[in-house]
Amino acid sequence: MTTGTAATRVLGVLAIITTAWVVVSAFFLTPADVVQGDSVRIMYAHVPTAWIAYLAFVTTAVASGFSLVRKHRTLGFDRVAGASAEVGVLFMAMTLITGSLWGRITWGTFWQWDPRLTTTLFLFVTYVGYLAIRRVDVDPVRRARRSSVIALLAVLEIPLVHFSVVLWRSLHQEASVLNTDGDVRLDGLMLFTLFSGVVAFTLMFVWLVMHRQRLTALSDLERVVGLDAAISARRAEGVSGIHAT
Amino acid sequence: MASDTAKAGSDAAILLSGVVVALGGFPALAGVDLAVRSGELVALRGANGTGKSTLLRLCAGLTPLTRGSARVLGVDVATQRDTVRSLVGLLGHDNGLYSDLTARENVQFVAHLVGAGTSDVDAALDRLGVDARVAATRAGALSAGQRRRTALASLVVRRAQLWLLDEPHAGLDSAARSELDGILREATRSGATVVYTTHESDALGATVPRTITLTSGVVARDVMEHSR
Amino acid sequence: MNTVLAIARKDLTIEWRTRTLLARVVPFALLVLVLFAVALDSEPLILRAAAGLVWLAMLFATMLLVQRSFDLETADSALDALLGFVSSSSKVFFGKALSLFVQLFSLAVVLVCAAVVLYGARVEGGGVVLLVTVLLTATVGLALVGTLYGVVVANMNGRDSLLPLLALPVLAPLLIGATRATEAAFGSDTIDVSNGWAWAALLAVYAVVFGSAGAAAFAPLAQGDS
Amino acid sequence: MNTVLAIARKDLTIEWRTRTLLARVVPFALLVLVLFAVALDSEPLILRAAAGLVWLAMLFATMLLVQRSFDLETADSALDALLGFVSSSSKVFFGKALSLFVQLFSLAVVLVCAAVVLYGARVEGGGVVLLVTVLLTATVGLALVGTLYGVVVANMNGRDSLLPLLALPVLAPLLIGATRATEAAFGSDTIDVSNGWAWAALLAVYAVVFGSAGAAAFAPLAQGDS
Amino acid sequence: MASDTAKAGSDAAILLSGVVVALGGFPALAGVDLAVRSGELVALRGANGTGKSTLLRLCAGLTPLTRGSARVLGVDVATQRDTVRSLVGLLGHDNGLYSDLTARENVQFVAHLVGAGTSDVDAALDRLGVDARVAATRAGALSAGQRRRTALASLVVRRAQLWLLDEPHAGLDSAARSELDGILREATRSGATVVYTTHESDALGATVPRTITLTSGVVARDVMEHSR
């Protein structure tokens, strides 16, 4: 059995094509930055991954909301929520990795205690915790409820990350040491490449979530089939028990 | 094999049909059909691991339903578990006591929440033979039987419409057993429904009105005594 | 309301009888403050960090108190029964949060006094009112979030380690807010009192958000546990 | 010896099955590192305190792992039986300490790497050998003290809060020693590598003292529990 | 009241005289004199809270002696509790299982520590009716009776000289009960001594060689069957 369909195959191909374009453009077509030199090329991976991670976590929250409200398709929505969170954690990890590599090149250290970086890390850990709760082996409906509540609370951290620069430092008088948005000026091609990156990663996100979701659906199905077999086995046992007494 | 599960209707305290409960992928209940009328006293029997506790926990709204339909006191267990919980009194394998409160404080706490008075607490403790010294001892320090008695006293104070008791006799001495016998019969007389599990042949006197036997997650026998 | 109070009173009775807070959590939190000082090993540095360290110690103490609060309920499956006795599960939520608040607030007062003594923090004038407000709003927030995540992990195997993982990231904004506002109250030169009030207001919003979230989410959460 | 290994293997099997360390304690400890940085809120200060913060996080993580290790034993009174199966209770002590050591050492490696990434700590040259020695001796000490106090509070009501209270003061010298030695390995300017080795030697002495104390005291302690 | 506790001697498995055990200031045992010879099978009875569990825990070296003297298998319980522990197999109200290990792994662990082999493990599990599926399930997920059976299998593997069982029948179904009956009788036949508590009148077949009844922390009756 595969988890692919015509739709996912088209998506996959599109994702590969756009990604290839982003790579070519990022490395060869766009200019190096005046201040940062070639390292600015990391941006084309760094920024889109962050945004796609947001997208993934929002998707998780929305699916979780439906899973809580709907009485019947609880588990279907829960699967989407779980798959999306997994992919989101993956993307957020890539944001952290590309960011700290970039930091290593531009600031000379992997990490700085900047509000955005710190809150990003919290966001990441929150969803690692979310996945940990999902791993706990309990009844699926029960698990869906618990993790939905957590997902709905966790998504509130995204505005915190986004506005952390304003929120946290503005109350401090000093200007921020690291100005995440100030020192990169984007020309037309750079912007286009950046948004191509967003498109490419969005496609990749959708593709991954669909596969992941189907995979869990399949294994759930397998469990149902397994349960059917187990039920008939147990019933057979029961019947023979009756004859024995 | 006198099977008699067909009687449904509005006065059914428990109404299960095709109930499957899977725990960790294992069908602890593998298709149970069962109807218990209001005011019945039912003994649930069966070998170890046949699903008795699972059945009780399902009816108390503590375990989710995997397949089939289950109504308890007219309420759907799958969708309204909160309501089910508030109607049912369950005594599980655990006693549900706070070990740092005294036996009396434990019962008192329950009484307060369900709106019963102090006299009810005293009556219940007295009835279950929890004397003043024991009542004033922290629950964590009590003997196994004394803890079980205290939990039963809470249940008496509770006055639930449906009593579900999982091996209520375990740990009780013979005096407490016969007292429990009386309590359960009284409860049914005043309209409550009682389902309890047991492994002992002579647990509740000689005549239990109805005995249901589980085998491997299904109902294997359902026997009524002719008269009550 | 009566139910909420009864549940809180039950928890506080147990607390009073076992003296968990007084004999164990308070000394633990004080110890954490001392250990910070040892780990940092520099006077001016400690003074600068005083507010942050107080709230960090509060966070760890909250984890302990929440665990204790739910261990009481799950040790002998009392929570299963408790949820059947009340007309709405949110009463259980507020009852447990209330008793947690009372304990946390007392602890916070002790820790602030300790910071004054140990770290040489100073509070004067308008700072006092701000400080009290911060202590109130922040401990309310801690109690609500703690209770909410306490019930999420209640009955789970290995919940001791799961609780901090889930709750601490969510409490991070509270840590930051409470720290900044307390710094203001301690008369720091990087933040003034009016800014401190802004943070206190944010803490209040935080508490309200989690209060409503907790009340709404408690039922599906508590329903689900075994 | 065989018995010691069997007990350690049992604990590690359970750990592997529940993934407590990997899925919960490691993230928790990393979170603690981050929270410290947030509470301190100043780059140079964090760098200066890096070594101390790593070991403080280790201390808190030790509390969690010890609690977990003894919860396993007491949840269903398994410890009562276990002590009857072995020819000498000190085997139980060393078995549980061994499994704790394995877990703590892995955690320490992760945390040091995190300090390099997050706090900008640097290790080079002779520092590496010193660092590994410190990690080994200090985690052996943590494991031994943790196990010893774990059994003291095992079976006690409210042990979650009692354990840190008892164990942390005893661990304070270890915290200081490990911090100083790690600072030396991180190339601090207040302490040089040879001094670091002196501290590492002290840590080894500490471990030996608590190893013997534990072996001797375990029997009466374990006996005394109810 | 046929008291028969005077028989002491070197072959005494349990020898208590004037034993007082105070728990939290309350004399759970208030002066017990008792002698049990090696190879005896003794049932301990009495109402709830009369001190049965306390007596067993004392003999297993788990509860300190307040007054009097107590020797178990010739070893002084007050001073050599570690030695006592290693000679005695106790099954308390708790089962002593690790809930994250499977039933089989639990028994295997005990077997490893006491030097028994894999075949012993299989034999014990088989004897107690723990089938392959149950043996491969984590102990935490088992039913009450399955847990009890697993704990008993550990005890069988253990082959202690003195078996102390606190309500071993609780939670067991009738098949397991009769198996337990056989196991205990076999153990005594091979020279071990067995003391168990129970509240059930027909727990171990009809004839138990000796029944000791406690009342309020003292021995009230001590009855021997004439022949074994």
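By written order: A, B, C, D and E. Residues from 1 in each chain.
Heads up, the rule we're going with is that a residue touches a chain if its C-beta (ideal position, glycine included) is under 8 Å from a C-beta of that chain, and two chains touch if they have at least 3 such contacts.
Given the structure is predicted, the values throughout are model-derived calculations rather than measurements.
S.K.: Give me the chains shared as neighbours by subunit C and subunit E.
M.R.: Correct list: B, D.
S.K.: Relative to subunit E, which chain has the most distant C-alpha mean position?
M.R.: Of all the other chains, the one whose centre lies farthest from subunit E is A.
S.K.: Counting only C-beta pairs in contact, which pair of chains has the most of them?
M.R.: Maximum number of inter-chain contact pairs occurs for C-D.
S.K.: Tell me, please, which chain's centre (mean of its C-alpha atoms) is farthest from the centre of subunit D?
M.R.: B
S.K.: For subunit A and subunit E, let me know how many angstrom lie between their CA-based centres, rounded off.
M.R.: Result: the chain centres lie 56 Å from each other.
S.K.: When the C-alpha atoms of subunit C and subunit D are each averaged to a single point, how far apart are the two points in Å?
M.R.: For subunit C versus subunit D, the centre distance works out to 26 Å.
S.K.: Using Cα averages as centroids, what's the distance between subunit B and subunit D in whole Å?
M.R.: That pair's centroid distance is 47 Å.
S.K.: Roughly how many whole angstrom separate the Cα centroids of subunit D and subunit E?
M.R.: Whole-Å distance between the two chain centres: 38.
S.K.: Considering subunit B alone, which of its residues make contact with at least two other chains?
M.R.: Subunit B, residues with two or more chain partners: 23-24, 26, 63, 99-100.
S.K.: At least two other chains touched by the same residue of subunit A: list those residues.
M.R.: As it turns out, subunit A has residues touching two or more other chains at 122, 125, 128-129, 132, 139, 141-142.
S.K.: Residue numbers in subunit C touching 2 or more other chains?
M.R.: 18, 157, 162, 165, 168-169, 172, 176, 223, 226
S.K.: So in the complex, which bits of subunit A are touching subunit C?
M.R.: By the definition above, subunit A touches subunit C via 68, 119, 122-123, 125-126, 128-130, 132-133, 136, 138-139, 141-143, 145-146, 148-150, 152-154, 156-157, 160, 168, 171-173.
S.K.: Can you check the complex and tell me which residues of subunit B touch subunit A?
M.R.: Listed in rising order, the residues of subunit B that touch subunit A are 1, 20, 22-27, 30-31, 63-64, 66, 79, 215-218, 220-221.
S.K.: Which residues of subunit C touch subunit A in the complex?
M.R.: The contact residues of subunit C facing subunit A are 148, 152-153, 156-157, 162, 165-166, 168-170, 172-173, 176, 180, 190-191, 195, 198-199, 209-210, 213, 217, 220-221, 223-226.
S.K.: In the complex, go through subunit D and note every residue touching subunit E.
M.R.: That would be residues 3, 6-7, 10, 13-14, 17-18, 72, 75-78, 80-89, 219, 223-224, 226 of subunit D.
S.K.: Sort out for me which residues of subunit E touch subunit D in the complex.
M.R.: So the residues of subunit E touching subunit D come out as 60-64, 81-82, 85-86, 88-90, 92, 94-101, 105, 109-110, 112-114, 154, 158.
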